[in-house]
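Could you have a look at this structure, given as structure tokens, before my questions?
In order of appearance the chains are A, B and C, and numbering begins at 1 in each one.
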Amino acid sequence: MGSHVRSILEVSNLTKAFKGILAVDGVTLGVEPGEVSCIIGPNGAGKSTFLKLIGGFLRPTSGNVLSDGHDITHMLPYARAQRGIVTKFQVTNLYENLTVRENVRIPAQRWVLTRKGRSANRERAVESRVSEILAEIGLAERQAMRASHLSHGERQWLEIGMVLATQPRVMLLDEPTAGMTPSETRATAQMLKRLVTAGQTTMIIVEHDMHFVREIAQRVRVMHMGKILTEGSLAQVEANPQVRQVYLGQA
Amino acid sequence: MYPLVMPTYYIKMLSLFLIMGILALSVDLLWGYTGLLSFGQAAFFGLGGYTYAITIINLLCKVVPESLSHYTVTCRPGTTYLPVMLGVLVPAAVALVLGYFMFYGRVRGIYFSIITLCVPLILEYVTTNMVEVQVGNIPIGGYNGITDIPIPALGLPGAAIFPLDTALRFYLLVVAAALGTYLFSRWLVQTSFGRVLVSIRENEGRTESFGYDVRRFKLWVFTIAGAIAGISGLLFSTLGSYISPWSFNFVLSAESVIWVMLGGRGTLVGAFVGALVVQLLENILSGAFLYYWLLILGLGFVAMVLVLPEGLVGLVREWQFKVAGRAGEEQIAAEKA
Amino acid sequence: MSLGLFVITILNALSSASILILCALGLAVIFGMMGIINVAHGEFIMLGAYATFVFTHLLSLNIWLSMILGALAVGVVGIAIERAVIARLYGRPLDTLLVTWGLSLALVQVVRLIFGPQAQFLSLPLVSSITLAGVTFPVYRLVLVVLAILVVVLLLWLFKYTDFGIDARAVIEDPSTAASMGIDTSRMYMLTFGIGAALAGLAGAVLSPLLNVDPTMGQKLIVRAFLVVVVGGAEILSGTVASGTFLGAVDSYVSYLTTPYFGSVALLAMAILLIRFRSGGIFARNKE
């Protein structure tokens, strides 16, 4: 854990039980600002459940989630969003009948801050922010297209763009590359890397695709049966014999 | 428009059509843009009419009872600003309260439609039953309603009064109101506020997840729509100098939805088009033909829904999207320039 | 309150409730099973009344027989409509709503064109009154109360103890699972719509001596039927019975205290309150 830098997110003994089964079992970890980490592990390890607990979509059985020292354990998702903690799920939830541009504009217009409050200036600021985001996610050419006509990968990017528009401090992504082609996966990794170097967005990504993880993760945590088995760089984690066994054992 | 050469009867008819167009506009704002299907805009229509009538008679007229349920109403000339203001504010206030009751109780979808359906029904029953009950100097009049409503007048109170005493002058007022409400609505839907309304229609949960308090947005648009319906109601009561419980009737609410549906939901201008065309047709086909017309309308509905793969709703969506798509292309073109 | 007054208050409430329940059951069955709102439900009631009229006055059949035939006739019409129109719109609830609205319009006009807009008159099959605790009450209304109970019991038996009923409940629960277990969902929907229509027809038939039988009679009844179903919530039978009884009692009691108009107002207001405060119907558990 970072010593001089205060953790942007701290999880302490977090547990979630479903009818006696411990999906998440006493997880404790700290996330530093700007850190891009991936959570990997076999199916059923509790990765998605863990993400939902941080995002506020599930209430923990016990334990705490702290953000900048504040206890947000029982905060609803929209309140967490206002603190900059935003979740992006595997299944996209877009405005199907609106254009790409309009999709991005909705979150953007709420979260654009200008020094001058005058509406004309604000409109301009919103529009330029939307164009910025569209360029970031590579959908500028498609901005007049209806969201329902996008390909699967483009839909994921659009949703990433919409999440970006909310100026998140912490982005929680649940399997963003699921169903993507290898080239789409690579593009997604590039996109997210650009964001990390540009802004100060912290990311926690649950993933299965090792190429993606290799491309983007600064830190990897392996979950197994609701607990964090080990963490470190991808190389360290891959070399860990326990991790190998967990993956091979599940094959 | 050509009313300058038309006889009074036709001018009054056009005025009526436009007044109903304003009512339809309120439906489109709610349904076409926010996805709230209100079957009760007639409630605010009637409230606007009754409030205007009661206010103006209290303000300018003396009511003398002749015999049972028969009154003579004598009015002095005077401007009608206050009755008009109240005729807009009272329906708006009721919409605010009703909206708060519904939206802050998370009433949505079909439950919203049902409650809005019931409210004018309640008002219709209540006013039909209140025959002798007086508000100020004028009784509500039960089934017969309030008659002898004086004509509206502009000008400066006390100094110069300019009564709208010809059909043509009144027609111009109606046109001004229609234009005014239309332009206001057009402006409203292209602001940030208007875009959020559309996003609520498209995917309310998603909009909420971005931190928008959708209840507040719904409340605002419902109040505004109530005010617009109120305007249409008060104009109606001056057109015929008469308002009655019929103004709360479900048929009116249902027709307003049909006008929007046929004219093009979510287009604003479609509200007027639908209202004008349908009312015109209903006027032309009178008597027995009216029944046939309704039969054809009913069967036509059925056929349309079956034959069009996406149904009526889908067809309108396609239309809507084309409009939106064009706007998007303009945006790109503007940016490239 | 004297015993007589008490008795008649109860009887009036039961009468009011039974009429509401009879009118609402058909709608509840269709909505519960198929998830669609049959806007033409009021017109099915109207058709039941007119069918009864035709059978008694034009074919001179016994009125009880006419009522049964009337209900069955509407059931057949319902099945025909389901096959011709509704079956093509599975999974499109809004379009089904629009279609039934169109049908509702069309049916009113057809009847108006055939029979004219005026009201038809059917005489009560039972004109006697019964005297209880010093108050008199029309026997026919008591018959309706008994009928409502019988119909509910019959439906209960149908849904619990017949193969059809068990299959129907499976389809309500999860249509795709039911289909994969070999249940012909299309046939289920057809029969359900037919039953719903027949129930509406029955309501119209038995109400025909009591109400004005004119082409628009359905439009006055559908709002109440609707409210009973919505307030009743997800439970088809118990919900409809509970909300019908409650709303009927409210209406009849307030009507007695004031006027029938205010009775209706009370019913509407109570329905609004229940919808607002108990989304999910009268039996819903409070959401967390």
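Going forward, a contact is a pair of C-beta atoms (placed from the backbone, for glycine too) under 8 Å apart; a residue touches a chain by one contact, two chains touch by 3 or more.
Just so it is clear, the model here is predicted, and its values are computed rather than measured.
**Student:** What pair of chains is linked by the most C-beta contacts?
**Tutor:** Pair with the most C-beta pairs in contact: B-C.
**Student:** Specify the chain with the shortest distance from its C-alpha centroid to the centroid of every protein C-alpha atom present.
**Tutor:** B
**Student:** Farthest chain from chain B, comparing Cα centres?
**Tutor:** Ranked by distance of C-alpha centres from chain B, the top chain is A.
**Student:** Quick one: chain B and chain C, Cα centre-to-centre, how many Å?
**Tutor:** 33
**Student:** Taking each chain's centre as the mean of its CA atoms, how far is chain A from chain C in angstrom?
**Tutor:** Each chain reduced to its C-alpha mean, chain A and chain C end up 52 Å apart.
**Student:** Using Cα averages as centroids, what's the distance between chain A and chain B in whole Å?
**Tutor:** The computed centroid separation for chain A versus chain B comes out at 46 Å.
**Student:** Going by the contact rule at the top, pick out the chain B residues touching chain C in the complex.
**Tutor:** 101-102, 105-107, 110-111, 114-115, 117-119, 121-122, 125-126, 128-129, 250, 291-292, 294-295, 297-302, 305-306, 311-313
**Student:** Using the touch definition up top, name the residues of chain B that touch chain A in the complex.
**Tutor:** 191-192, 195-196, 198-199, 202-203, 205-212, 317, 320-321, 324-325, 328-329, 331-332, 335
**Student:** Under the touch definition given earlier, write down the residues of chain A that touch chain B in their complex.
**Tutor:** 77-78, 81-82, 93-99, 101-102, 105-107, 109-111, 119, 123, 126, 131, 143-144, 146, 162, 166
**Student:** Hey, which residues of chain C end up touching chain B in the complex?
**Tutor:** Residue list for chain C touching chain B: 37, 85, 88-89, 92, 94-95, 98-99, 101-110, 112-113, 223, 226-227, 230, 259, 261-262, 264-265, 268-269, 271-272, 275-277, 279.
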